[in-house]
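In what follows, chain A forms one complex with chain B and a second complex with chain C.
The block that comes next holds the complex of A and B.
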């Protein structure tokens, strides 16, 4: 043995082992990156598409929002949410056209460039980029109207004059002329003519004429759907001859570019050298500098530090998204400092949160907690077309719905199933939305068992007994969620209703069967949620507009609620700017809902976000809007803390080695002795 | 007819049937010897199974009324089993640890401090009660599915083995086709088509589990049909059906019992897998485990829910496997010959 393993080689091997042990680290990133301003975050499943006209998920908007800049943006710190100019030089001016319709006039900044990309060679050999033009915004709007693109937001744009007409013209031409359908889309759009209400005036002016009043349309210009899109990208990234698809290769004029996009392992965003904020810091554009104003709590949280306000954006040079399929390993890596921010996972809630604040352990790590109420609402809905619980049963059903509403304790529900991370809802409007009244208390959402029993009696169901059957009133709660854990949540509701003698059966089916029931109207009670597209009460109240009824138009009014006065008020408030008149109309609508009870409003979910001390300027936004460019981090502090928190613990290795030797050596000696 | 009346009738029939079989078994020398042998070898396992059966029966005998003192008005009009009545009004608001007198999170006082032997779950249900209720579902799944699968397997297996020819080809083709399909996917597809109910789950499990025993019974029948006494019966002009019922089936009975016992535990475990996938039966141990799966990663840990369901499942599976093993040793002629 000694002849095959000379002493020098054995020593070398031993030294290598020792060095390997001492050098071992759990750092998943290259050490050369440790001092760079790189934000580390994660994703679960890659977005299905990054096509700005189609992508409608939060995970997609994290990327598309950073890559595609829009004409307008949200103010990062102000609440209620406020629009500011983005690529536009100012907020749009509105005026009445000759036919009485509203027209919005946008002006684009001059000299704004797209990111460098090979697709621009289509416009001339050697071109790497070009200027952003209003024709690109018109092109993006035409794509939303294009039925082949299948944009999920075509409906709200139907308020633009001629929008649906463009869709019809395009479809007709494609059906009638196969040659036309094969031409590049830009050529097709040019041949069928523009959308009447989208008028490009020169290179930097765009007018949007509305067929009907819809001031909320401005919010859509702060979302990636309407971001200027170069026709070259659509033509070049067609998935042919080894080229990417547009769905995987965004080309925009935003603060970041997508430098790497591996759906299985990681995405990388890098600062865009062509971004107007980087090329023209002297413009001091509102979307390119850190905001000067905010809320009082921003001042308290250090988000209005004089050292940071007015500084050019972005602060972070690279964002790395690593794939993490499970929440527990992600959270552990966050605690080790390998991710900069995290939510609070349900499993570790008790460890992280103590009496509504951070636990001692988290505070010792320098972690901060930010709570934000999401602009969304979760509710239990009644099918108002139902014979027992809906409008056909008249006053009786109304009292029944009121009684059922009075026994559902949303606070207790949030405590049990969401670690208390939900604000009990008094109406469908969440905090931060115009019309929300913090002092408002819905009398039918106050837990009052006695009053609920009295209402049951008034409804003709004394003690819950249905006079027809002489047994407890039997209703059905339909859900597409068949998971055992979901059943517990639904049992919470059925158990509450049992208190007033109503026997509610849970009918859990698969999603297709559930959709079938909804189509046929054969459902009574369901649970649903709505996350706002934009921060306007119209985006919540339209959910109960009769024109949106599922049974009538297949719309999102699954409760099939229909009330003439509510509809009148909705149509009136929809076209109004925020003001006392609009507020009065909203209040009246909420009163109708309070009395009619098509929904039992449950809660507005609350986001708990954790951040390490080295990450600054963080404010959860609630809406699906990329805020990466506002964040900053201290990479040196992070590297130092990571090193402290992740010192290799070598004693178990030594202990195992010694133990193995203690077991193996006598064994080997005995074996050798026996062989001799 | 009300479902609880059907349940009571089924219980009565089962009790009468088991008593009849026991009476018959004790009168027959071979079966009485076998039962005696089983008792000697696996006394504790038999007692464990008897306990589960007793609990299941307690949860199957139900009637309406007698719950006027209950706060739950719906319960007064619904059939309640003996088990439900024993555990009436034991609900708390949320989690409590075994024998605790306060809620696990928040520390609010419990309505029934110290009385929850295995604690309570997230919506305050007594875990001991839920574990006991799972016994009925487990026995129902195992028993009903075996009652569907074994006759199906016997019908096809004996027909194929006895008649041979085209019948054999057809049965073999069906068996091979079914065996080549991924069992779990077929199960999910069947339940999706039939809807989620106890009967649908039992039918789906039966459709996917009869093939193995069918193959065994076919092979055994192939052997039996060539034996002298079967040939003699055929030569004497005895009808085919009579030969099958008089000479073939009785000689397959030991296989039926062995397969039934061994199949039972596999079926109960299959239901757990289905519950994990969200298509199991309400009130099963599988559903309890699924509901509690994230509780082990909570801090502090909620261990009693999953432990109770897992232990109850483990107890019955282990006992049934021990008994199945002993039954095979006692009844299988090959094992007996090896023993001699």
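The block that comes next holds the complex of A and C.
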């Protein structure tokens, strides 16, 4: 049978049809993956580094936290946050050494393996993995101390005996001996080390001896900075001869491995077949099974379902991070079911949230909302070294700061600029941190215009008039944010202070000029925020410890607050375990701050997270900690809902085609007739 | 012709030197090495880490040469690196810039080559059609639609297409990219549609003018008088003789296919060289930005020379001296 279409043309047409069919769907994933347990999430900009000693951002910890397992980790459900053993067989035992210092003794589980990786061939031909040893944790700590690694968290580890000496010895030796500096770092560390306070006892025991009391150091052992790191990975992934750099190729002993890492488009985590939870489910290790206990609200939210409690982790076999630079397309894809979770974007806030809860439209899609107060605080600070607003002006300045504190309405600020996503702060401690008291109401944070005016009068500024100039008291609000929107935000504060007669000028400069002002002490008022590294009040209160004053040590106490009693209480509280005495000390410190007002505490930001109904076991975690291994999803339900929600609407295509024909055909016919 | 090419290349060298100097001055007028370091490392890192980063990346040196120091400064290093094609590593994440260019070129070409062909493939026949039906309502409707299409910003096309076609009609993914050949078609469909739509108005008007000008020439009237059909007249006579003005646009555009499309790649999440350039601008990544600008200026010069050479090839009357 002959055909009017030659075979090649038929093939071309068939190919075009196939391409058209493939193209006519909005599904961004292969259809073969639709029933797999793959968690889809996104990233904006790729982390600068995945080197565990250096990576210090939430976006990096999502990956490093999943790839590098640590000796300790956080309980997924319990609040206040609680540490549980990770790779360690138990929580560390502490004892006092002969010199009176505290020593923590960690024991590592035996038989824990690293992920398979070509770097292990350095230890012997054909080797793909090896056992995790405590020497690897000591190696990771030495990397933090290594000035060439540039770790941003070296300072807290200076509490470990001999930590800074090791840094100094290493630097001196490298400067004195160029040959030494060229050797592999493992050999350098072996020659210069060990760190006195980091003692490896056999293959599975490590002791950390502290030079000064710092029980909070245990939290650092729940972060990827201290995760065991194989020397083979550091040596092999040096970025030479086509090999990756360690910063792009993590090698750990965690529940996931980084299977694909394209910083421009996609990262993929896949379950690690060598993970101790997968190899040894019989251990029932706390970090390898779904938790048995949690809060009452976990029970109500179904996070303590008997069907899931005690089951081996992880539930999800693969996590795909796709790059999304714009928030609106990302959110639309979430609504189409192509992402499993999302935040609430500003542009869609009214559509998603109604009267503090989910809108009817979102509920109809089976979406749930989780609100979490972040362990952070935003505040307005006063430079306590300033002649007008600080300690040199004595009682007068204290009353002035109190008055200024009484007119800043943090709730209104959060409503205007953050869609209400912030809990007004009464002290610097956020909810969930030991010492936070929900019932506490700071008398100087209660909005009271009359009392504020009275305080201004007592301070010697009646109606805000400075008796020296006979004009309104003039102060400066310094900020490194020059954007127009930021100016609007700061004007909220200046308008509030204008009510008590103070004229505050906003001085917006670039970051370096601002830093220069801070260095020189030539600033009066500023706004800042702090996100906790670990859930301990010490991580907030140290921000006002005089030893951390910016003017004295370049530390984060930008207010340059100094109070002898506060310092005494800080040092005492820092070395204590949580208990009534520590609580009493914290309360007294908060009272000092309430009266002295080096800060006007503004708010603790609140995260709103949306989850589709097929994603289960989700509980937002305020700390920078990977919770991927606890999450689960129902891929069949997701596939079915995606298909329902994403049926293409084709009638406009037919309508446009018909319309084009209706316009063109009569014209062509008329023209041809005329030509004839 | 060789002398002409050499002369153009010499002009090109001057242009490249100027572009590199202008970029260096502009960048460091707007920002400084501390900002570059802070953007790369984040706000919470201690000052000593920032200083070490600056040393590692050569940002601790003075910006300009002095009489006592001609070579150990940032401007000299800037020229040395670019002129020797030693692009180094990105300031943002220390990735080798050459690796990044290699990785980004594929997605860029996957977008720009079909976009280039489709734009020509749609605009030229459409322009021929309206020129063919000149002085009829098809011509007038075509011109009005072209002016309308030209008047709309590409950003509106992008947002409108993502909302209408991606979200409401659900024909294609709203944004994204995949290296899987089976998936890449569906990801590129929407940016291609937007690219063609945003360029079609200007192209059709330009090509129509060229075709109309050509179709009013004496040889066309002669061919028509000899009984040549209108369709054959347009395709064999008018189109062929309109190639020189078309080449000006087309050949000049070819080198830029390699640098990608800044807006389309950025908004549709295509990991090409255009998106890398936008990221470099947003991230104060001077090393990557200067490389992309340098490559762009080289391609521009190459494009201009190729355009001139193509004149000679298409029209033997043109002599390059």
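Please note the rule applied: the second predicted complex is superposed on the first by the 650 of 676 C-alpha atoms of A that agree within 3 Å, B and C clash if a C-alpha of one lies under 4 Å from a C-alpha of the other, contacts with A are read in each partner's own complex, and residues count from 1 in each chain.
As a convention for this text, a residue touches a chain if its C-beta (ideal position, glycine included) is under 8 Å from a C-beta of that chain, and two chains touch if they have at least 3 such contacts.
Predicted model, so just to flag it, every value in this text is computed and none were measured.
Applying the stated contact rule after C-alpha superposition, one finds that A:640 touches neither chain B nor chain C. Once the two complexes are laid over each other on the shared chain, residue contacts for A:572 go to neither chain B nor chain C. In the superposed pair of complexes, A:510 makes contact with chain B and with chain C alike. Shared-chain residue A:495: touches chain B; no touch with chain C. In the superposed pair of complexes, A:652 makes contact with chain C only, with no contact to chain B. Looking at the superposition, the partner that touches the larger set of chain A residues, chain B or chain C, turns out to be C. Looking at the shared chain after the overlay, A:412 reaches chain B, while chain C stays out of its contact range.
After overlaying the two complexes on the shared chain, residue contacts for A:94 are found with neither chain B nor chain C. Of the two partner chains, chain B is the only one that A:347 touches; chain C does not reach it.
Chain A residues in contact with chain B (one complex) as well as with chain C (other complex) are 328, 510. Touching chain A in their complex are the following residues of chain C: 32, 34-35, 38, 40-42, 44-47, 49, 52-53, 92-96, 100, 103-104, 107, 133, 136-138, 141, 162, 166-180, 182-183, 185-187, 189, 230, 266-267, 269, 271, 275-276, 279, 283. Those residues of chain B lying in contact with chain A across their complex are 71-75, 77-78, 91, 93-94, 105-106, 121-123, 192, 195-196, 275, 278-280, 282, 287-288, 290-291, 293-294, 297-300.
Residues of chain A that touch chain C in their complex: 19, 22-30, 45-49, 56-57, 147, 150, 152, 155, 239, 245, 247-248, 262-266, 322-326, 328-329, 332-333, 336, 338, 510-512, 515, 554, 646-650, 652-653, 663-664, 667-668, 670-671, 675. Residues of chain A touching chain B in their complex: 328, 346-351, 412, 415-417, 463-465, 471-472, 482-485, 487-488, 491-492, 495, 498-503, 508-510.
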